[in-house]
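Pasting the structures here.
In what follows, subunit A forms one complex with subunit B and a second complex with subunit C.
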Partner chain A sequence: MATKIGIYFDQSAIGGGLDVEALAEGAEQRWSDIAPVVKLFPVLAAESARKEIAQDIEENELDGVLICGTSARVDWDLYRFDNVQVERVSLREGCVMAYKNPDGSLLDPDGEEAPELLRLMAVDYVNMGVIKLQKSNVPAPEISESTRRILVLGGGWTGITAALAAAKAKMPVTLVEQSAELGGRAKGFLKTIPLKAPHDKVQDTGLEAKIQELTANGDITVLTKSTLTRLAGSPGAYTATIAGPSGEQSVEVGAVVLATGWVSQDKKVLEPLGYGKSPNIVTAEEFEKMAKTGGITARRVAFILDTKLCMPACDCDGAQAEEAVTADVAASQPEAPAAEGEEAPYVYEDMESVKHLPFSNAVSSVVALKQAGYVADLAPDAIAYILYDSMVVQGVHERFYKAAQDNPSIMLTKADIREVAVDGGGLLVRADNTLLGGSIELAVDLVVLPTGMVPTTAKEPIMQFEYRQGPAFPDLSLFNGYADSNYICFPYETRRTGVYAAGCVRQPMTLDSAEEDAYGAALKAIQCIESVNRGVAVHPRSGDLSYPVFNFVRCTQCKRCTEECPFGALDDDEKGTPKPNPTRCRRCGTCMGACPERVISFDNYNIDQIGSMIRDIKVPDNMDVGGPRVVILACENDALPAFDMAAMRGMPWSPYVRIIPVRCLGSVNAIWVADAMSKGIDGVMLMGCKYGDDYQCHFVKGSEICNRRKENIAETLDRLGVEPDRVAQYQVAIDDYNAVPAMVDEFMKMIFEKGPNPFKGY
Partner chain B sequence: MSNAILVVGGGFSGLTAALEAAEVGYDVFIVEKSPFLGGRVAQLNKYFPKLCPPSCGLEIQFQRIKKNPRIKFFTQATVSSVAGKAGDYTVKVHIEPRHTAPNSADLGLLASSLTGETDNEFDFNMSRRKALYLSAPFAFPSRYVLDREMVNKDDQIRLAKSAFVDLNENARDIELQVGSIVLATGWKPYDASNLSNLGAGAIANCITNMQMERLASAHGPTNGVIKRPSDGATPKKVAFVQCAGSRDQNHLNFCSYICCMASLKQAAYVREQYPNAEVTIYYIDLRTPGRYENFRNKVTADERISLVKGKVAGLEADEASGDVILEVEDAVRGHKSKVRHDLVVLATGMQPSLAGDANPYGVTVDADGFIVDGEDKGIFAAGCAKQPLDVMRSAQSGTSAALKAIQTVRGR
Partner chain C sequence: MAQPLRIEPDVQFIRELQAVGGDSLKKCYQCATCSVACPISPADNPYPRKEMIWAQWGLKDRLLSDADVWLCHNCGQCSDLCPRGAKPADLMSAMRNMAYQKLAPCPSIGKWMSSSKGLLILTAIPAVIFAVIWAIMAAIDFGGNFKGSIFPQGEVVPGKIFYGDYTIDPVFILVTIFVVSAFFTGVKNLIKSIGPVGSTMMLGKKKNLLVCLLEVITLEILPHAKFSQCGDNTEEKKFRKYGHMCLLFGFIALAVVTGCFFLGHWLGRIEAFRPIYMEVPLSFANPFKILAQLGMVLLLVGLTLLTVRRKNQDPAKQTSSWYDWYLLGVIWVVALTGMFTQFFRLADWAVLTYIIYYLHLVSVFMLLAYLPWSKLGHLVYRTAAITYIRYMGRK
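Moving on, here comes the complex of A and B:
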């Protein structure tokens, strides 16, 4: 709680005819008990001004500084003061530049006197800034004893690389591999595609050397024939239960790299291309094994990459076909009988589908080039055909493709495969639309079909989290079973803090990409452990020291917070009392928004703080005279910057709104809406990120959850006789700055049509 | 010896490398040659496959920088020399003057009062800008920069009156002590004027894919409305020419990785704005790796978007209509034909920034300009300085380079 606040006004930033002196005077009077210092500076950003503030802090023992001038998005580096809370009031972007008159006319830039509505707006924002500081504490970090050990799941190429990468950064590592030997899939490779410049020929994988380095490293414990059966605890303090040949053991770990790779797709999907009709129709995986053991006798080999025949005719069938595959697999699983009233046993939804075949296209293409090279090297008369729809050979791998094109023993053509037929002892591949002149019929000895790569997470809940929300990553079906991120910019973000996926469990990829990915995931694991050590949050609020505090005395065990947390941070006991795990938490405040008893708060962000700000807005008793008032609760990550931009681009909005930033719409508690309504505020706009499959919410579920809660709010309002559409949610992207002013104005139009909030004046 | 890390390049790879290292607990310097951070992605309208705005992720990165005192960045800065060895480098950095006060004084009114204008390189010269400018609304740092050479006499008088402008600020040189270096120097769009058979950049209604991004952007030269450059007309029949320079030994001896997905995305831009427009993508191979297949299926489900496997052999302008005539070799049917489109987008590829540029880092670049070594010297290439990548993989690459840079200095 800031109790001694210095309020500073930046005259160089405040135009529009606003009487800054009067503003300062008003603030001085209103906040005389807690604001010993109120000052105006001609240029607040000047070094002399900042020195003076630092001096004020010392002399007056200030614990809060309120900077009234520019938006918090600018000059962040100028207003860093030690040991005090700093809050910004955006009088430039958020007030003067955002202002237009009720009739739509713009603010006269040379006007001597600010319009009354602008003055009222500025006063409201300054007061809200003081209250925000007053209701905020410097967060005391929760620093927990953490273990530095990193658990790497999977002893294949990616897992080994990640373990070595972490060990080289001086972290102890435990690597768990389910089979008896290390090396995973790469162990079966005769050669690999080029991993280094000039990227034009196959090479040895170098796996053996990697394995030796791994086993020789004293900081790495390798457990083979072992699997993770339970992961309890939270980042910095996980207990991993690992079942191995000599029973179960517990290992304390701080973070996890998930590198369990892939399994081969059910070969049933390849039947339309002849798989199963002849032993000479094999998959790329089987062919690699033949090559490694020197077992290739064929001299004419067709590599088929066009898999359209395997795919359902259209997307509508796609869904059915997918269900069919899933149903097949499900049927093969034993069903445990569930007794009446007993909770059904956990069954993991198998996410393998026919789509994993085209998803593997990039790996399949480059592997076909590699394997065609094997054939070309067999004998002078050996010939390899590659029949593709598109060669998905990207980036510098193009040079490998080019080398294959230059190889006289490799023939490449686009082709629509019609049929693979058994013809006596040989095979016939029939294809249309080829570059060799229309339809062709190729007589070959061997046909190689691509191997669909199915991530292990599509098949099993690999992580075995002992979390209230279940043992697996949630919503993996959104990523077709891959343990991937939904963020283009943040590829390692999963919904389980402390676990970072790499390699083919995340996306189908070749060894060079997997190597890089392993390093990336190892970095994130190290960073997570270091963040726990400092008591700070990880992405996206990295460095944040605050965390949710629960006042359990008033908790009614309704379980909403535990159910809604997007990151599974909250477990509960038998009674349903939430059990927070601060190091799993991303500090979005969704739990705070969920709680009907309002028992959850952050030191520097809480129900009382925002509620008090809302309640402090001056609402004219008579809407016809003073106009309506509307509160906008805006996501600080996207909606708020969009407003800033709109203002900077000269696109102001209604002067009747007051914007209050929130961490995420998920943190919006229904009480804030009730506060607004009982105060006589005429409407509430909730502006947050896009939700749905392509969600943009940085906290995954915040805006979606808010929208769900809004329905409950609407019902409540309806019961009270308030029109439910006085509360509306908008999906806003950060670049919607040209659209947000119109959204506000539309909403205001609706409010004017409805007239005043029926509670006004009570 | 310093345990700090230098990151050269403030685009997405560099920002990621810098932030990931700083959040482990290392001091990081970013050296960026342009006046603003963000790099190429700041010029993009949307990312594939989510069609979400790049400024969203950049905003988070900039917030992370603002909150983390371990990161220091220099804009308008270039590395002039690197001396030392892995773990112990002295790097000289040359910094051009910004000529504006080190705060976000609102110079918007002053900027708009200037009379001089020049081509805006941020919009690939499809718009004009003043000498005092911000590259984009979300430009970071949000501080005006003065293009001193562009200041005319009248403007000089106006500028001299401002307390926030210093016309006489000098360039300076600084020295940084670092333990390891990440090179994230990124890429530049391949120069379409090299493509003589594709109009050499001289056909008015033949634009590049990066120009298309600017046309579609809400803060671009047309405020996001896709129009024909020659007459502002609504495009009705748009062509995308894939591999314009890429996969061609005479130009770029590699595939530029992003162009297929970018064209599918841009086809979606066109179709969203114009319900009656038709789009044709002429391609050699359609490269939509992995789950990007979902995006391909979604976009190509639109009946007005068609894909033609074929090489575009030539382009010429039809002066009367402003249309562009394409000479297409249909790869499957084997015949050549001439097709008329009213707007053509060349999917020009990415050329590494180091191609033909100074290389004071002591690393080897290949014939195309990609960095191929350095790791044994504690110098790590990230992102498109190493190979062509999309944003997601650049983030991966930057994160990976951060760990390598840390390994060099950790625990000593």
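Moving on, here comes the complex of A and C:
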């Protein structure tokens, strides 16, 4: 609770004829009891001004500073003062630059006097800024004991690299490997695709040296023939139960790197390409084994990368949609009985499908190039054919492709495989639409088919979380089982804070990419531990000190918060009382938005705060005279910057709206809408990220959950006689700045058509 | 669905192609820029894209029966524009080099001609032949010119050692018979390999083969029509056209002189043709002597233009193979030794004249006797191929 606030106006940032002095005077009068300092600066973004503010803080013992001028996204590093809360009021981007007259005409930039509507807007924003500070505290998290140990699951190429990387950063590591020996898949490689410049020759993996370095490192404990059977607790204080040859043991760990890799796809999917018809039709995996043991006698080998024959006949949208629906149903099944409180055995949905074959194509392509090289080296007259639909060589692998192409013994062509037939002792590959100008037939001794790489997380829960939301990562069916989170901005992150996926469990990849992944995930794990031990959020709100606080007195054990948390941060007891785990939490506020009893709050972000801000907006009693008022609750990650950019690019919007940033649409509590409606505000726009399978939400589920809640709100409004479409949700991406003003104007048009909120004036 | 065609690559053939100038052929990724860039490639079934994939796959039969390699005049547009540095023009040259190696009989000559390793033996053959002749002539003191020395005494006349009637004419008559019969087989093989592939339905009467040949010579070869079509008229490209023109017309001039002299020399011995009798050395007023001088100058100009062009080539775009350098080198030696023999003779420097003339004979032998296996073979093969294609209804 800021009780002594300094309000500062930046005249250099405010134009459009807005009378800043009158604004300051108004603020001084209204907030005289809590704002001892109200000042105007010709230029606020200057070191001199900063010093003066620091001095004011000291002299007047200020605990809050309100900066009225530029957007919070500008000069954010300039206005940081120790132990003092700072709030920004965007009078430049949010008011003057965003303003246009109700008739659509633009603001005269050199005008002497600001329009009345602009003045009212500025007053509202300044008042909301003061209230925000008034209802906000500096969070003081409790810092609990934490351990620095990193658990690495999987002793293959990725896991070993991650363990070494973490150990080099002085973190103790426990590495768990299921089999008796370290090395995983890479152990079976004769050679690997090039890992270093000039990237044109196959090379030894160097796995042996890596393993030696690992076993020689005193900071790394290696547990072979072991599996993780339980992971309880939360980041910084996990207890991992590991079953090994000598029974179970518990290890305290701070974070986890998941590098459990992949398993081979069921070879049944390769039957349309002849698999099983002849022992001379093998997979790339089997061929590698043959090469490693020197068992290749074939001199003419066809590597087939075109797998269209293996795909279901109808790949049209309808079928896919149907499939997706069944997948969703299947995914929700295991949870449904648990929600009803019945004891049902946990069944993990097997997410392996034929699709893992094309998903693995980028790896299959370079592997085919590598193995074709094995064949070429056998004899001067040996021939390797590569028949592809799309030769996918990513990044620097292009050099390897070029080198392979340059090999006289390797023949490449795009091809639609028609069939692989057994012809006496040999094999015939027939293909259409080749680069040779038509259909061709090749007589070969051996056919090598690609190996589909199915992530281990598609087959088993792996993590065995002891979380209320279950032992596995949620919604992996969206990613066909890959331990991905669709975080284009945040690779390695999973839906469980503290667990970072790397290598082929995340995406089919080659050793070089896996190595990079391992470093990335190890760094993330370290970041997690180093955030948890300071009591701050790990990501995406890195460094956020706030955390959800529960007022259990009013809790009705409805379980909404525990069910809706996208990150499984909340467990509960038998009665259903939520048990927060602050270090699992990402501070999105989805629980706060969920709670019908308004039990959950953050020190600096809470129901009362936003509610009070909404209630403080001056709403004219007569809409025909003063115009309507609309509140926009905007996601601060994407929608708000989009508004800023629209303003900066000269695309203003209706002067009747007031934008209030929220952490995530998931944190929007229905009460705020009720507050707005009862106050006489004519509409509420909820602007957040895209949701659905290809969501863009920072917090994965926020905008989706908001959309679901909005249906309930609409129902309630309908019962009260308010048109439900006065509350609408919009999906906005950060680069939609050219679209947001039109969205606002469209909504305003609808409000004008409907007329005033029936509750106005009550 | 079309019956798939059995494909049987020949890896050894790919390596051979690479060795004779197509070393970048595997780099092609079939974007077809080359076929689009080529100024003379036909719209239907264009080259050199298809040749590139055939070469990459070692499809020997298809390539050997491909007449299109003879349609290409090696302007290098395709190689200039190739995004992958696959140098299709070099492949087309390599294919022709391969033809020089394989079409004519005596595969060992083809082998020797294909790389610098064969140069020694190829030089040794004429060197020995003419050295033996020289030795015999000196030993029998031919015409009483030698008087115990290995060099003839008195007035400097090369004919004192290599008297045409007994030495040069018999040797080169044999060489000519050898070359003509080799070309006969070579052209037969060429036509057979092209086969009826690419024949077009002809409306009306089929043209006579001789008419076709005449058309090719007068409409294409002499005016260098394809060279003009090939590429833009940049300075560099003009170099090539004019260089080639100089060489061609220079050789025609020298061939006319040699042919007429041969006829005059032998027919003139018959009483009825007495007035046309000729004997070396011709006087400088003789129109044939003047034509010969003109031919020599044309050769030297042409050689200079072509050599400078090859030297200035960007090796990333186009390279010169052994076949290119062999031919240029031999013609250089022929022209220079011919020129200096004449100079030294007029200067009365006996020893130098005889030695240089000996070298001249060796180089002329190397130019003529190996013609069906050298790049100069294109004189016959390209003409034959273009004529045959025209005869089959394509242009």
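Definition applied: the second predicted complex is superposed on the first by the 731 of 762 C-alpha atoms of A that agree within 3 Å, B and C clash if a C-alpha of one lies under 4 Å from a C-alpha of the other, contacts with A are read in each partner's own complex, and residues count from 1 in each chain.
Going forward, a residue touches a chain if its C-beta (ideal position, glycine included) is under 8 Å from a C-beta of that chain, and two chains touch if they have at least 3 such contacts.
It should be emphasised that the depicted structure is a prediction, and the values quoted were computed from it without experimental measurement.
**Student:** Give one of first, second, both or neither to describe whether A:Gln178 is in contact with subunit B, with subunit C, with both, or with none.
**Tutor:** neither
**Student:** Of the two partner chains, subunit B (first) and subunit C (second), which one does A:Ser703 touch, if any: first, second, both, or neither?
**Tutor:** So A:Ser703 meets neither subunit B nor subunit C here.
**Student:** Tell me which partner A:Asn604 touches in the superposition: subunit B (first), subunit C (second), both or neither.
**Tutor:** Neither partner.
**Student:** Name the contact category of A:Gln265: first (subunit B only), second (subunit C only), both, or neither.
**Tutor:** Touch partners of A:Gln265: none, neither subunit B nor subunit C.
**Student:** With the two structures laid over each other on chain A, which partner does A:Leu442 touch: subunit B (first), subunit C (second), both, or neither?
**Tutor:** second
**Student:** Could you look at A:Arg399 and tell me whether it touches subunit B, subunit C, both or neither (first, second, both, neither)?
**Tutor:** So A:Arg399 only meets subunit B here.
**Student:** Tell me which partner A:Asn407 touches in the superposition: subunit B (first), subunit C (second), both or neither.
**Tutor:** It touches subunit C, and subunit B stays clear.
**Student:** Counting only touches as set out at the top, which of subunit B and subunit C does A:Gln729 meet: first, second, both, neither?
**Tutor:** neither
**Student:** In the overlay, work out which of subunit B or subunit C sits against more residues of subunit A.
**Tutor:** The larger set of subunit A residues in touch belongs to B.
**Student:** So which bits of subunit A does subunit B touch that subunit C touches too?
**Tutor:** Overlap of subunit B and subunit C footprints on subunit A: residues 402, 435, 437.
**Student:** Given the complex with subunit A, which residues does subunit B contribute to the contact?
**Tutor:** Listed in rising order, the residues of subunit B that touch subunit A are 12, 19-20, 23-25, 47, 50-53, 55-57, 59-61, 63-64, 66-69, 101-106, 108-109, 137-138, 142-143, 163, 217-219, 223-224, 247, 249, 253-257, 283, 285-291, 293-294, 297, 301, 309, 331-332, 334, 366, 370, 372, 387-389, 391-393, 395-397, 399-404, 406-407, 410-411.
**Student:** Okay, in this complex, where on subunit A does subunit B touch?
**Tutor:** By the definition above, subunit A touches subunit B via 12-13, 43, 45, 70, 73-78, 80, 92, 109, 165, 168-170, 196-198, 315, 355, 358-362, 388, 390-399, 402, 414, 433-435, 437, 479-480, 482, 484, 486-492, 507-509, 513, 516-520, 522-524, 526-527, 530-531, 534, 538, 540, 542-543, 637-638, 641, 645, 648-649, 690, 694, 696, 698, 733-735, 737-738.
**Student:** Any idea which subunit A residues touch subunit C in the complex?
**Tutor:** Those residues of subunit A that touch subunit C are 380-383, 402, 405-409, 411-413, 418, 430-432, 435-443.
**Student:** Sort out for me which residues of subunit C touch subunit A in the complex.
**Tutor:** 1-9, 11-12, 14-15, 18, 26-27, 29-30, 50, 53-54, 56-59
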